[in-house]
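Each of the two complexes below includes chain A, the first together with chain B, the second together with chain C.
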Partner chain A sequence: MFSELFLPVLMVIFMLVVGGYAVAVLDRLVASALGTPQAGGIWLAPIARGAWLLIQHANATEAPDWRAWRLAPALYLALAAGGLAVVPWSASLVATDLVTSVVLWGSVEALATVVIFLHGWSANSLLALIGGYRYVALGLSYILISMFVLIGVALPAESLQFTQVVASQEGLWNVIRQPLGLPLFLIVGLGMTFWGPLNLADSTDLAGGTASEISGPPRLVWDMARAAMLVAFSGVAATAFLGGGLGPWLPGPLWMSLKMLAVLSVLLLLGRLLPRLAPERCVTLMWVVLLPLSFIDLVWAGIGALL
Partner chain B sequence: MESMNDGIGVDIAFLLLATLAVVTGWRVFRTDSMVRASFFLLVSFIAVGVIMILLAAEYLGVAMFFMMAVEMTVMALFMVMFMMNPAGLNPMNMVHQERIAIGAGIAGFLILGAMALLAVFPDQPVPADLEPVRSLGNEMLGDSMLIFESAGLVLLTTMIGVVVLSSHRGRYGAAAEGSMPPGLEPGGDPAGKPEEDEAGEGEHHHHHHHH
Partner chain C sequence: MAVNWLHKLASRGSVPVFPVLGKQGDGALRHLALSPQIELVDSPRHASVLLVAGEIPADRFEPLRRVHDQLPYPFTTLWFRSEPWPHLERVARIDDLDDLPGALVTAHLELMEGCRGSTHRLLPDEPPNPWEGEGDFGQGGEGMMGGVPYGRPMAMNMADDIRDGLTLDSLTFRLGPFFFAFPPGMAAEITLQGDLVQTWQTQFAPYPQSLDDIFFNARERPVPIAEVELARARHHLHRLFHALHLAGLENVSLRTLRLAHGLSTSSTLDGLRRALSRSGFFRLTAGGGVLGPEQARMIGGSAARAAGMADDLRSEDAGYRRLGFSPVCQTAGDTHARWRQLLDEIDQSLHLARLAERDRVHTERTGSVETPRGPWSARRPADASALFDELLPGLEWGDALATVASLDVAGVADQPVGTRPSGESRAVRGGTGNDV
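Take a look at the complex of A and B:
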C-alpha cells in the first residue's frame, strides 16, 4: 500500500519543489550570463522572494469570482503535478505508468488553457481578462501542433505509454529519427508555460496580464506553478525525444535529470533571447507555418514506422 | 493495476466522483454565468472520465479530459461572443421555460432510475489480459471503420465550412463589405450608423440602391 500510494505522491511533490527551485536558479544564471545583473545571490534570492511573497497581503479586486481566482494557481500547479506523475525516470521508476500517459499529457495541455483563462477571467479586471483571452487563442493554436508531434513519437513505440516511447528509442533517439519533432515541441512548451517569446498571457504590455492583480501567497503559487509546469514539460520532452533514462554508464534517473536540465536551459535561454511575438502574428505563425510543419513531422514519422 | 481490483478503494473513489459529477452538473443550472456554467460542466465531465478510467476504459476516460477541456473553453467563449448578455461576472438567470424543464427533468430521472433498478446488466468481469487502447483501435479501424470515417469526414467538412463562412477574407472580397446592421425598429435606419449631413444624404441613398 505504501509503495503504491504514497511513494509516487512523495516523488511528485519532491520534483515540484526541487524542479521549481531549479528553474528559478537556472533562469537567474542564464540572465546574469547574458549580462542582466540579478539582485541578491543566485541561490538564495528565489527563496527570499518566496518567503517575502508568503508574508505579503493578497490583493483583492472589486467583485472577483473568488473561488475560481484562488483555485486557478493551485489547479495549474496540480496540472504540472499530473504531468510529472507520468514522466518515467527509468524503466521501472515512474509515479504512474498509465497505458495512455501520452494522452494524459495532452489533457494537461488542454486543461492548462482552461485554468489560465479562468485565472484571467475571474479577477474581474480588464488587463487580466485580455491576458486570459490571448491565452485561449494561443492555447487552441499549440494544442493541435502538440498532438501531431506526440502522435509522431507514439507511432514507432506502437503505444501511448511513455515507458514504451522510451523503450522504442533504444536504437535511435526520436530527436534524430524525427528531426522536426523536438523544435516544434519546444515551441509548445514555451506556449503552455507562456514563457519568453510566447508570454502573451502575463506579458509586460498588459502590466502582468492574468497575474496583474495577484500578490502575496496566490502570486507565489502562480509563479511556482509556472516553474513546475516548465519542469514537467522538460520531463516530457526529454522522455519523448531524448530517450528518457537511456544512456551509458550512469543510472537512468541521473541521465533523465541531465536531459531535463538541458531542455530547461534551452527553454530559459530562448525565453531570455527571443523578443515577445505580437498575439496576431503568433496565431498566424502557428496555424500557417507550424501546423503544416507538424503534419510533415507526422507523415515523416508514419513513413519511418512503415519502413 | 492491482489497486483497481482492490474493491473498497474503487468503491470510495466511485462514490466521491459520482457525487462530484452530480453536484457540479446541478450547479450548471444554478449558477448565474455562462462561463461558470461551462466550467462546472467540465468538472462534471472530468469526474465521469475518471469513473471511466476506473472501469478500465483508460483511453476513453483520458480522452474525455482533453476533448471536454477544449470543447468547454470554445463553448464558453462563443457564448460570450454571441450572446446579448453573456453574464461574465454579471449575474443572470440561466434557466428558461421552467415548467417544461422541470417536467422533462422528472420524467428523465424516473426513466433512467427505473432502467438502473430494473434492467439486467451483463456480468462480465474485465479479462486480465485486456489491452484497452489496442482493442479500441481495432474496433475503430476494423468493423466500425465506415461509421467513424464517415462521421470524421462530415465533421471535417463542417469545420472547413464554418471557417469559410466566418472568415473575413472571402473569394469575393471582404465579408463585411456592403453589410448593414439591422435597424433598431422594423424598417428603421441601420443602428449605429454615423449621422450624415442633410445635403449628402439623398445622393448617398440613391447610390446605395444602385449598388
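Take a look at the complex of A and C:
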C-alpha cells in the first residue's frame, strides 16, 4: 500500500517543490549572467517572493467565474504533476509506469490548452481573455508537432511506455538517431509552457495575460504550476531523446537530473535571449516550417525502425 | 511566530512597484528600472507599492482612484514630486530621485513587518453602473446577445471583420491613462474582434513630453553640437528601452538604459545593435503600422525619415554642414523601419558628437531646432496621438502596441526637463495628520 500509493505521491510532490524552486533559481542565475542583477540573493529570492504572495490577498475582479478562476491554477499544477508522475528516473524508479505513458503526456498537453483558456476567460477581464484566446489559437499547432515527434520516439521502442523508450536508447540516444526530434520538441516545449519567445498567453504586451488579474496565493500556485510544467517537459524531453537515466558511472536518477537541468537551462536561456514572437509569425512558423519538419522526422523514424 | 517569520521572509525580496506616471514621471521610472531592489510590474494586481510619479492632472484623478483600488491588500502608496491627496492616510511624498528606491524599499519593509498598515480603498466596492441586465444570465433578455449589464455592452457581433471575414464578437473597452504600454497619460476606447483592433479612439492625448534644456537653449543661442547630439541619442535610447521591455527582451532593455545613463562621446552602439540583430528583434517581433506620406509628415522627425522623407532642420545649420551631416533614411515606414531608423540616428548622433567635441563646433542657426521629436521652428512639435485612430484598426493587438511604442506622438512641453529639486526627501502630513 505504502509503496504503491503514498511513495509515488510523495515522489511527485517532492519533484513539484524541488523542480519549481530549481526553475526559479536557474532563471535568476541566467538573468544574472546576462547582466540583470537580482535582489535578495539568488537562492533566497524565490522563497521571499513565495512568502510575499502568501501574505498578499487574492483579489477579486468584477463578476468572475469564481470556481473556474480559483481552480484553474490548481488544475494546471495537477496537470504538471500528472506529467511528472510518468517521467522515469531510472528503470525501476518511476512514480507511475503506465504502459501508455506517452499517450498520457499527450493528454496533459491537450488539457493544458483547456486549463490555460479557463484561466484567462474566467477572470472576466480583457487582457486575461486575449491571453486565453491566443493560447487556444496556437495550442493546436504545438500539440500536433509534439504528437508526431513523440510517435517518432515510440517507433524504435515499439511501445508507448516511457521506460521502454529509455530502454530502446541503450545503444544510441534518440537525439542522434532522430536529429530533428529534440530541436522540434524544445520549440514545442516553449510553446506548450508559454515561456520566453512563445509566451503569448501571459505576455508583457498583455500586462501578464491570463495572470494579469491574479494576486496572492492563486498567483503563487499559477507560478509554481508553470515552473513545474517546465520541469515535467524537461523530464519528458530527457526521457524521449537523451536516454533518460542511462549513462556510465553515475546512478540513473543523477544522470536524469543532470539531463533535465541541461534541457531546463537551454529553455530558460532561450527565454531570456529571444524576443516574443508576433502571433502571426508564430502560426506561420508552426504550420509552414515546423509541422512539415515533424513529418520528415516521423518518416525518418519510421524508416529507421524498419531497417 | 510562524506568521512573523513569514512576514520577515517576505520583506527580503525585491519590491514590486506599479508606477502611475504623471507629468515628467518617466524619469523616475527609468531610475527605478536600474535599481536591483525594485521590480517594476505592469499590472497593479502584481504590486505591493503604488508609486505616483509626477503631477497628475485633475482629469486623470478618477482613473487613478480605480488603479489605486486594484492593488491587493496589503499595499501602500508613495508620491514622487506630486502632492498626495489630502484625504489619504499616511502617505509619503518624496522629491529627491536618489532617495526614491530607498523609500520604496522602506515602505515595503514596513508593510511586511506590520509597522505600517495597508492603505484603504478609495471607492465603494460596488459596480460602476447599476445592473441593467435581463434574462437568465443578465444578457439583456434578447436571446444570447445584447444588453448592457453594469452599463457596459456585452461582447457581441456588431460589425463585420475587417481582416479575413472570420467574424467574432466585438468587445469594446477603455484602456489608459496609466496602462504601461501607452505613452504616459494616454487613454483610448478600443473595439477588438479576437485580438484584432477594429476601432481605436484616442480619448486622452498623452502628456506633453519635456525635452532636455539644450534644445530650448539651441533656439536662443549657439550651443555645442556635442551636447545636442548626446541629448538626442539619450532620448532615442529611452524610447528603445521601453519598446524592448514590451518585446520581452528584458536584459537588452536594461542594457539600453544603462547605455543611455552613461552616454558620452566615447559610447558606441555596436554591441547593442549586434544583440538586437542576433535576438531577431527586427524579424520576429510584432510589426506593421506603415505610415502613409501624410501621416509621416504629421508626426515628423525620425518617424518621417523612416518613411523616406529626408526632412531635418540640421541640414540648414552651417555647423552641422561643416561636420558633413546629411539625414539618414529608411523607406518602409513601418515599425521595424522606425527602430532601424532610430538606431541609425543614435549612431549618427554619437558620430556627430565625437566630431563636434573634437573640433568644438557649435550650432549656428537659432530660432529653430530639430528636436528628437521633430522640427521646432515657429511652433513646438504638437501632439499626434489622434493618428492612432486611423493607423491601428486592422492590426493585431501585439502589432498595435508595437506601433504605439515605435511612434513618438506626444507633443513637446513648453518647459524643459525640470531641474532636480534640492533638499532631502521629506514627508508631508496626510489628511489624518499622521507623520510618515
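By definition in this document, the second predicted complex is superposed on the first by the 307 of 307 C-alpha atoms of A that agree within 3 Å, B and C clash if a C-alpha of one lies under 4 Å from a C-alpha of the other, contacts with A are read in each partner's own complex, and residues count from 1 in each chain.
Here, a contact is a pair of C-beta atoms (placed from the backbone, for glycine too) under 8 Å apart; a residue touches a chain by one contact, two chains touch by 3 or more.
Just so you know, these numbers come straight off a predicted model, no measurement behind them.
Within the superposed three-chain model, A:104 lies in touch with chain B and out of touch with chain C [touch as defined at top]. Of the two partner chains, chain B is the only one that A:65 touches; chain C does not reach it.
Of the two partner chains placed around the shared chain by superposition, chain C is the only one that A:134 touches, whereas chain B remains out of contact. Once the two complexes are overlaid on the shared chain, A:306 sits clear of chain B and of chain C alike.
In the superposition on chain A, contact of A:289 is made with neither chain B nor chain C.
Touch counts on chain A: comparing chain C and chain B, the chain ahead is C. Of the two partner chains, chain B is the only one touched by A:4; chain C is not.
Once the two complexes are overlaid on the shared chain, A:121 sits against chain B while remaining clear of chain C. Note: residues 63, 133 of chain A belong to the chain B contact set and to the chain C contact set alike, using the contact criterion stated above.
Within the complex formed with chain A, the chain C residues making contact are 6-7, 9-14, 16, 36-39, 42-43, 45-46, 48, 70, 72-74, 112, 127, 150, 171, 173, 175, 179-181, 192, 194-195, 244-251, 254-255, 279-281, 284-287, 396-399, 401-402. Residue ranges of chain A in contact with chain C, taken from their complex: 31, 34-40, 44-45, 47-49, 51-52, 54-59, 62-63, 126, 129-130, 133-134, 137, 196-197, 199-200, 203-208, 212-216, 219, 272-281. Chain contact summary for the complex, chain B toward chain A: residues 2-3, 35-36, 39, 42, 58-59, 62-63, 65-66, 69-70, 72-74, 76-77, 88-89, 131-133. Against chain B, the residues of chain A that register as touching in their complex are 4-5, 63-65, 68, 98-100, 103-104, 106-107, 109-111, 113-114, 117-118, 121-122, 124, 133, 136, 139-140, 143, 159-160.
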